[in-house]
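Presented sequentially are two complexes of chain A, the first with chain B as partner and the second with chain C.
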Partner chain A sequence: MSASATKSYLFEAFPVIDSYYFQQLVIGLSQGMTYALVAIGFTLIFGVLNAVNFAHSEVYTIGAVAGLFVIGAYAPPLAGVVLLVAAVGAALGFGLERLAFKPFRRFSDEASLKSRAMRESTLMSSLALSIIVREGLELVMGSQMQPVPFNYMLNTPIVLGSITIVSGDVVIFAVSASMLIGLQLLLKKTRIGLSIRAVSNNPLGAKYSGINVDRTIVSTFVLGSMMGAVAGLLVGLYYGSVFPSMGFAPGIKAFVAMVMGGLVSIPGAVICALILGVSESMATTFMPSAWADMVPYLFLILTLIFFPRGLFGGGRERV
Partner chain B sequence: MNIRKKAVSSLALLALALSGTGVAHAAQTSVRIGYQLPLTGNTAQYGQDFKVAAEIALKEFNASGRLPVPVEIVFEDSRSDAKEAVSIARKFADDPSIVGVLGDFTSTVSMASAQVYKRAGLSQLSQTASHPDYTKISKWQFRNITNQDQEGPFNADWIASQGYKKVAVIGEQTDWGQSAVQAFEKKAKENGIEVVFSEYFNRGIPDFRSLITKVDRVPPDAIYGAIFYEDAAQFLKQLHQLGVKAPVFSSSAAYNEQLIKLAGKDADGLRLTSTFLPTVDAENVRHFVTAWKAVRNGEEPGQFPAQAYDATNIMLDAVARTYPDATRDNVRQALAETKDFPGVTGSTTFDADREPHKSLVKVEVVNGKFEPSAH
Partner chain C sequence: MSERFIPAAVIAALVLLVFGAVPLALHAHGGGYYYQLASLALIFILLASSLHLVSGVTGLLHLGQAAFYGVGAYLAALAGVAYHVPFWLALPLAGLGSAFIALLVALPTMRLVSIYFAVATLAIGQMINIILMNWVPVTGGPNGVTLFSPMNLFGWEITDNTGIYYVVAVTVSLSVWAIYRLSYSYYGNALRALREDDQCAAAMGIDAVRLKTQVFTVAAFFAGIAGALWAYTTGYISPNDFKFSETILILAMVVVGGLGSLPGAIIGALLLVLLPEALRGFGDVRNIIVGSVMFLSILFLPKGLCGEVPAISLARGLLGGAWKTDAGKKVGWK
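For the complex of A and B:
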């Protein structure tokens, strides 16, 4: 049925609000959730290292590619695909840390741990790795969109009154909510969570109180990349296409959400991701959609000017 | 750079150019053509298709023995990046053994390198650049695709003939997209169609739902899209997800087998124009389709590879007609004289503005196949 052509009971219940805006709100929330899915792992990794992991976008892409491969080869049920992709993500996180981050943590004296240069070099190494992986994927699979088998696509429409959502919205909501809650439980209730928080707070202090900083960083990467890979898979199935540069745009959105949320606050990043999604879809109403894509950058600038600590940043250093 | 330096460097260039042409005259042991196209990057799939098509054409040409020496095509990867393309154009222009150039893929990139070819005096034949301004750059620019000033009005007439009164237009935010939308809208208005919605989107966005919701608020009788196949696939899927029933018309850029693989049954009913249909019953089309399927695991070629195949053949034909005197000037002259060239995309004759005149066919996706449209 047409989303706005007919008046519905929703329209009659809230005569002031056109169902058009409801539909845009729902679309915005569902877009925001796909950003949040990426932002969770991204922010987690940033937390322990205080450096941006640019290769997160490629973990996301490889997650989707691996999922497509698994589907093509074994056609397991969706939950099986998700588990296998999570395992691939974990392996990727481990390898990524080894290749791009560990070599820059060779020295563990106080000066090196506090050194900005050490952190910034990982920025470049992760960016380099991300470019190599993306170009490599393009060479192997070509840069065109790979179709997802139709029975795995998460886009069966679900009509609720005058609003249409798709099955993927439900799946992505469930997954991102459980990721968020699970991660909070892990961080607050387990030993590894405690050490992640400790390293994130003060790596040197954590080291001196006997926490294995290296192992903590590796497990954070494994955890964050698992989430990144699952995010890529779900979004790939949601939009029904997988291609080498698919991680780029969500990576930027996740970055903006993280900065807006104050860099280390995972719930903050999720809320900001939702705000981004909704403002993009709402902005489409008032301006050409080509311009609405600039909304995240506008938010980034506004945050940097007016909320240098982010919206949920607390008392940490400036963004 | 001061004047003296300039003079010295231009003299040096001139000397280089003279010695180059000297070599070409004396020997002509092989003739070289440049092809700039995206082989990596976001649009690599198009460039890869062009390369395969050009190689089929070249192999046939060299096997035919029409020239006593082999022709060689030098492929350079422009990544669909204007800066990259300009350096490639300079490289081709500085290489005296290159007598003509094919490419590039997008209008923006083709027009950027056209400036170099204009100064260097090297013919450029693009298989796909359909922005009306491309051939206006200089006498060295040719194309063998119908430009948007032909395709847009053709579609506007088609939509009018179906009795649709209110049309929504969407186009990608590129030079090509804008020219396509403007050309369509102009003729649509002349035909008495009301353009009730007109907007551009950024190429490659995954989510069209906000835009679709906005379109459906109008709502239009039909939608016209200046849109490539990947975006078209996403657009069609999400259009039907949101329950919009208006029929979609599109320019030929959406014509690709992959569209159907990506969009599945949501592609059904899409109508577009094309210069090529693999099902046409003609000797050369059958031949090309067979050769293509052999290298591409049985896939059917779309319009773009067919365009590249024809462009390569037109260039090779021009080179052959000038041999053994295949200089840049002679090749340009021969290209300009191309008349009734029998290609797989119809016969090609360049007019005084170096524009081809081709007939367009109406195509519709029916049960997951591109078929001649019954509408």
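For the complex of A and C:
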């Protein structure tokens, strides 16, 4: 049987299910986009410091909370909210780096820059900070979901033939695509991008050739956290709810996407975030959604075991 | 003579404290709440000690210990509810079941190092928790399991608070003693070698993957024992008792006490169980305290409250943990 015959056979056999799966695919893609939004900032920070920033999920949450606060207080147009939240994210990134990462770069010799102790202490300090922030938020605003004002929700339906998307899908797609392109331009075309790439390649070498490593790391955190905060805001508006622990699951998924994408590759992380989103939404058609939560963890384990270099290759030290 | 006398005196003092002074004080001040708190502290001492073995001595950042604790608790509780397995049998069953699952998990993942290992264990912990939460026909899902049967030791049923405290104290003391013997021995030294540089250790003839698998399994065994104790002391368990935040709590105990130091893990467990209880007046701030204590201790006391070096000299000098050559010289750790 030729390929085209198989295809038409499939269409005849599953005329209804086909558009259902297509809708599910679109839902998965938009979910994957929200993961990609988080993964971009996360991968950027990891690429430079080679240290996992557990507090990225809290930057995401605070971005959403700050957006909600701004909307409640001043009700500016959406673009204004996004800009304000990006500013909040920048401040958070700066503070985070100073509090949880800077104190552990006590020495700048090669051994301590590469040492496991430094990596693991920043891992734990960012983890501790993220707990403090999350529990603090819970204490202040309660663990309940905070509803988003109706006119700010990104859920106006748009019908495209047999499938339906909402305005949030378009916004999130546009924002993540522009983030990705903007970031690539920044990394490839500007001086600060050059220094970020240099530091991520070899911090000591960058330092010897006159790059201010400290400032580069801070600016990476500022950039990554801006993106994280905007991601939190958009996803909060998209799903119409904001709550203190909202950052945990996307944070994990961003990490999975980063590992699958080969750790330092931002486009790889984005593609893997999309794969993750699609496979999750496909999984919900076969099993209850609570079980579908297993999918990203399973992907992570399988990637680590079978593709330790990530799906898109790329050289890397021992996993 | 004093070389034998000091260790004996220190151990006798510790035994007197755990089996004499604490139950006496509990008896005098009464109240089921204090008994519950004492059992909780002991259980977390065991959990912190088990994580100390993996994260402190072997240097593997394990972010899924609470899940193995949960597996033990569920095994004990479900065996008790569904098959009326008595406590004395459920306790080793919980430990062995938990160790078995850890072994299954360890076989493929134990080759991972540093952060990849941490994230793999995080994922496994989350997967176990999702299973506990969603496998409703067996685990009861979010409603948890209520265990009605009392602690049954070979037909002798223990129902009073002091008795339960003694059962927990004996089990925890024996387990901590076993962990102490493991971590301050040649075996422990091999694990420390893996922590410092596993490739180098492998070149020296240490089977890195096998040793790591062993220590991961043993730690899960003790976590399972702790879970069974928890199920029997509270009588009710739910998946929320074994969330990621519990893993972080246990990790914080080990970090605050000092990575690689067993006395440190015990001190950290006591601190992080008792401090939030002492500050209950300020509302539900347990996790904020845990986070803050952890953050401050990483920042200002990177070696912990009782670092590894003092812990080793403590073990050698006070607890008689070193052994002697024929010439009478102490060997062990310098």
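Keep in mind that, in the parts below, the second predicted complex is superposed on the first by the 299 of 319 C-alpha atoms of A that agree within 3 Å, B and C clash if a C-alpha of one lies under 4 Å from a C-alpha of the other, contacts with A are read in each partner's own complex, and residues count from 1 in each chain.
The working rule: a contact is a pair of C-beta atoms (placed from the backbone, for glycine too) under 8 Å apart; a residue touches a chain by one contact, two chains touch by 3 or more.
All figures in this text were calculated on a predicted structure; none of them were measured in a lab.
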(message) Let's test your reading of the overlay: on chain A, do chain B and chain C clash or fit side by side?
(response) clash
(request) For A:28, decide between first (touching chain B), second (touching chain C), both and neither. (result) first
(message) I'd like to know which partner A:255 touches here: chain B for first, chain C for second, both or neither.
(response) second
(message) Let me test your reading of the model: by the given contact rule, A:293 touches which partner, first (chain B), second (chain C), both or neither?
(response) both
(request) Would you sort A:213 into first (chain B), second (chain C), both or neither based on which partner it touches? (result) neither
(request) Kindly classify A:139 by the partners it touches after superposition: chain B alone (first), chain C alone (second), both, or neither? (result) both
(request) Answer with first, second, both or neither: which of chain B and chain C does A:172 touch in the superposed model? (result) neither
(request) Return first, second, both or neither, reflecting whether A:129 touches chain B, chain C, both chains, or no partner chain. (result) second
(message) Quick check for you: in the superposed arrangement, does A:120 touch first (chain B), second (chain C), both or neither?
(response) second
(request) State whether A:64 touches chain B only (first), chain C only (second), both chains, or neither. (result) neither
(message) Quick check on my understanding: which residues of chain A belong to both its chain B contact set and its chain C contact set?
(response) 135, 139, 288, 290, 293
(message) List the residues on chain A that touch chain C in their complex, please.
(response) 52, 100, 103, 116, 119-121, 123-125, 127-132, 135-136, 139, 248, 252, 255-256, 259, 288, 290-291, 293-294, 297-298, 300-301, 304-305, 308, 318-319
(request) Report the residues of chain C in contact with chain A in the complex, numbered from low to high. (result) 59, 61, 108-109, 112-116, 118-120, 122-124, 126-127, 130, 133-134, 244-245, 248, 251-252, 255, 283-285, 287-288, 290-292, 294-295, 298-299, 302
(request) Under the touch definition given earlier, write down the residues of chain A that touch chain B in their complex. (result) 1-5, 20, 23-24, 27-28, 31, 135, 138-139, 142-145, 147, 150, 155, 157, 159, 164, 166, 235, 239-241, 245-246, 249, 280-281, 284-285, 288-290, 292-293
(request) Name, in rising order, each residue of chain B that touches chain A in their complex. (result) 40-45, 48, 173, 199-202, 204-207, 209-211, 213-214, 216-217, 219, 230, 233-234, 237, 241-245, 258, 261-262, 264
